[in-house]
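Accompanying notes for the structure given below.
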């Protein structure tokens, strides 16, 4: 069959030369537009006495309208739309950074003043006004988080091993996987209520125990550990397991000696992230652990102070020494944020150092 | 290599005790997780049920538990939904930056920055929201009340920054990294061959994203939003510290009278509660558990269904 | 223990008391209890006292169940829900000791541009908090403040969103004195139909008033911080919430009738027109047993010592200094001290 | 309508890695040019550099000249989006858009430019393109069905239809038949024969017989050694390459002695 | 030390899918037996059924008899873990344990079974096995380094060393050279020649020349049709299979007419 007959377009005389050159605004256009928008807005702001926020908003509006308009005039509608979206998308990122920057700035600015050796090594026993420190809360957070880790990691890792190595797609494993997913969404306060209900039924009303906090945190932590471990175990190549089986190694030793070591880096990363996540939990601890002014290292005996609850109660107690308490709260927040962010970065570093070795 | 070794043990049956024990342990851990989740439900029910007959004094002055919990549930849903309305477009934009817009070398660090948002403890968000955001945003509310007051949402009067909208903004910041993380993953999973097909047809980057990335990622994005919703529903401290709650039902987002949320209400009142009031609070926790379970369930279900299709 | 726990050399009384004492209850007492604990532990470095601010109801509940050897409560025990009987049972059949230990004026704190002093008649207070009076330049307010430069702005009335003794005393006062302007009676939880900004805890109210504009709220006077406080109409006068003015109300108020000798509790006379009395007051009580025996002997010993300190002149003065409470009058204090003195440990 | 392409001294990089080195050739208009060579020698890389699809990969870049219709493709004034419209591409694995119907798949490229098309006009383009890709009779009764529901060979022809619907001047095909069964392969080879009267066609193939069957000119790429960049060993008329190649390594490859 | 293997009427399943059907053969002790055949005909599957590695895959099972040393491998009284110790295996892609040093990799089979060994004894085993795998001289100075740091061919020999360190009687190799360059391949072919004096060796290969070079006996597997189970077409001395096969399809395969 002849294509030419069926294609009216082919009949158009002398096809135009290829239009490859499209008019373009220069590569520096976005930058220029941004500078112009900022300048205009600043000028208007100075003349009309606007606030900084108004100036920034105006500058942004000018950029979002101006750059695409310029592009539309020269490059056409499609390119203009592309530029509009690019600007908007990057704006969302910048906007998302605002709270982070503001928060980090405020925490550091308000918190650094009270940080001192005393602040980190003294508790609040016998302190009414200034002075005292967060030693008891720091230790409480460490003890409770460590306990929660000690509960969650074995359960989480073993459960992940079940899911990947033993259950592999059977009904029970699918159910557990699903429940673990759902469990990641349990509100932390519900975990606290759960621990409270359990311990109240066992020890009677009004019970406040560090271990209860560890149990509540474990409810939050286990699903994270399971997910992370599961992902890492999936990444261990099947051929390594087969290599071990072929050497006559029993399955459980293969898992313990070959699979787990290979996945260790990722598991450690996951656990570290899980620790970072629960170390900052407040609500469950408020309910089941309470707080105290005195160092208590025994999670099986009475209330313990923890950093998050310390922060909360410091700002909500009020009274004559409100200013001192608020300052201590910011200081504790700085310490807590530093701990959690360090754990996070550490987790990335560990993850990268141990990242699964593929190829040579 | 021709050394004769001692008579080798022929392949015989050996007891596989190690294997049985280890498999048992692993299975036990899996079952324990199921048990834990069931335990959460059961214990909440045991401790929450006595609240059903509570009234008057015991139910914080309400005639019955439903009248007590309903405004809280309303506030919980309102705050969470507004938070998502704010967070979802932002999260999609941020995820696009990381997956498709940023040069590869900076995409990773940018991703870390967003993850750091998730790392900030909620009590610190509460502190920040209360001390920094609420006062800073009050002028904006005044502006809204003045200019958009005809909308029922901005009826005002704006006299405090500690409104449900402020709480929702803080919740949005907290839900953003979760939604972003999942969106980023699904965006990155868009098959390269489809993206290239679009580009080879002469699509711009945005057209390529609209033609291939969004349709592909739709169920993933929905489930991400559901998970973000789960987070926003359950968040406690940030709301407890930021919101000035009156326990009423209103859709005015910037007035001084705001509905409270279940989680914040529990955190604030639990310390002073005794007797049946504890049961009342635990009952409200049970309601929250059921709602967030349903939301997460739905989210995972959508995600799972999407996977089959993709 | 941490570094500062060993400052026992400062202890003046070379007392040989030792052990742990755990009480709790009314959160209104929290700040004062924190001060008393510091004062008591300074004198008795081997004793650790804790006071769990779990609320009055929780305090009573735990006292009755025996979990607390003593408790703080904003309300005295009654038999409305059988609490008095149960508490008598807990104290081996003897009527429990109930003594006032913490009296604090409830101040009306406000943050209004250009206004430093404010006089409010009881009906006006009720009108503002009931949402009837909504503008600062309303005639009811202007009438009592002829000299003030009242802005024409809306009133942001801040109330406690949680259940509290402060709210109960405040609404009780309004109920009694404001006649028809207050219809909700005396309640522990703020009636939502009256609107206004709800804030968590005393500190929440204080910081909401502080950070809001044209706001007014009620809070323990001790926590008013730098905020201005209103004078309340009593008779033909306007009285400010000073400790002295608040302490006087117990002198003019009648004791509740038909109580056992071990119980000193008051029905506050909000309607008083006695000069110099500030009528909006929170009174909180301590609950203890007249006799402690057996397992509780050690706790009883410590309770007696601690309560003795709390109601002593030193203790009341320290509480007033640190927590802004109103010290008991000498007369009442000696009566209360005698009751504490009478606690026996077998 | 079709156009020739002049390539001179082209180096193609992935980041710092030089994948293809120093290619010079002229691809004739309205002819089929085939590239053959062992795996990893850079055939796909080179092909993608002809419509600026190469730079889609992060870090990828090109040095040298590709001149189409007198315009240098890598000139800063050139719009890569316009280039890709004029120089269409068909990939190794068929990649119809999974969320679109057959009809919409064909129109995907057209819709980008002309938002509003009359229904009759659109129908026209769809029919013409599907006929051009020899697919019309097979799918005309189910144009509303998803493109993914077709067989592999049909999907590949759908992709060709989609590519020719925007009326490009050049069609690049990267191993278009390697995922297909022999019957589908034959259908596509027939199609290539027909298309060449309108388009300049460049095809990469692993199958020497296919190159011999469909192409007018053949380029043989090779690696000097593992880790070294690929380069063009020989570029000649297909008949010459397969009967009497200039380079001994070409002959070795064609006769199956390595690769 | 080495052992012969008698297979009779073996059917091998993946779940309900019959992958290999009705195999009968006898593998001689101290000889090299090669399996050839087109992709998917079940060579790997069959090989893995000889040391009960097949059942590692969920749902996989076997019917029929495999008799080693008079003992039926699939008898319920037999411990599969013990079987695998006696019948070692080397895989297509070298798979040293990434977390272990070269030294530990060689000892993995011994160590992972919790055997306590004196250091001297361990050193002895490592040296003996690495020498046996022709790797000793290349790695003796870096035994503590990770096994992943070796080249592909070295890694494969490390895997062979690891397999012979537990002194099996039979060594199964599934395309051990297909991921390797020609030099490494030659090294491993030499090694197979040496090992055959001590072990019974079974090797799967895609490379007919390799089968011809290294094996004493050759089995040819084939599929009757796509989706049908694989079966053993012919099993004979290698010289006969490659010069004068019994079955016409064997000849067709060897002469490259299909597959």
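Note that the chains take the letters A, B, C, D and E in the order they are written out, and that residue 1 is the start of every chain.
Keep this in mind: a residue touches a chain if its C-beta (ideal position, glycine included) is under 8 Å from a C-beta of that chain, and two chains touch if they have at least 3 such contacts.
Predicted, not measured: the structure shown is a model, and the values here were computed from it.
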Determine the set of chains touching chain B that also touch chain D.
-> A
Rotation angle (°) superposing Cα atoms of chain D on chain E, nearest 5 | 175
Closest chain to the centre of mass proxy, which here is the mean CA position | A
Which of the chain pairs holds the record for C-beta pairs in contact?
-> A-B
Once you find the CA centre of chain A and the CA centre of chain B, what distance in Å lies between them?
-> 12
CA centre of chain D versus CA centre of chain E: separation in Å?
-> 43
Expressed in whole Å, how far the mean CA point of chain B lies from that of chain E is 52
Please work out the Cα centroid separation of chain B and chain C, and write it as a whole number of Å.
-> 40
Residues of chain E that touch two or more other chains: which are they?
-> 81-83, 85-86
Would you give the residues of chain A that are in contact with at least 2 other chains, written as numbers and ranges?
-> 78-79, 205, 250, 253, 290, 315-316
Please set out, as single numbers or ranges, the residues of chain B touching at least two other chains.
-> 16, 130, 204, 207, 240, 271
Contact footprint of chain B on chain D as seen in their complex | 51, 53, 56, 58-59, 81-85, 88-89, 91, 93, 95-99, 108-109, 112-113, 159, 162-163, 166
Which chain B residues qualify as touching chain A in the complex?
-> 16, 18-19, 21-23, 25-30, 32-34, 36-37, 39-40, 43-44, 46-47, 89-90, 92-94, 96-97, 101, 110, 112-117, 119-128, 130-133, 139-140, 173, 176, 180, 204-207, 209, 227, 230-231, 233-237, 240-241, 263, 266-267, 270-271, 278, 281-282, 285, 288-289, 292-293, 295-297, 299-300, 304
Touch list for chain A against partner chain B, complex = 51, 53, 78-79, 81-82, 85-86, 88-93, 95-97, 99-100, 102-103, 106-107, 110, 154-159, 161-163, 165-167, 172-173, 175-176, 178-191, 193-194, 196-198, 200-201, 205, 219, 222-223, 226, 250-253, 255-256, 276-277, 279-283, 286-287, 290, 308-309, 311-312, 315-316, 326, 329-330, 333, 336-337, 340-341, 343-345, 348
Inside the complex, what are the residues of chain C that reach chain B?
-> 27, 53-55, 57-58, 60-62, 154, 156, 158, 161-164, 187-192, 195-201, 204, 207-208, 211-215
For the chain C and chain A complex, residues of the former touching the latter = 1-5, 7, 22, 30-31, 34-35, 38, 41-42, 48, 50, 52, 54, 58, 61-62, 65, 67, 200-204, 206-207, 222-223, 225, 322-324
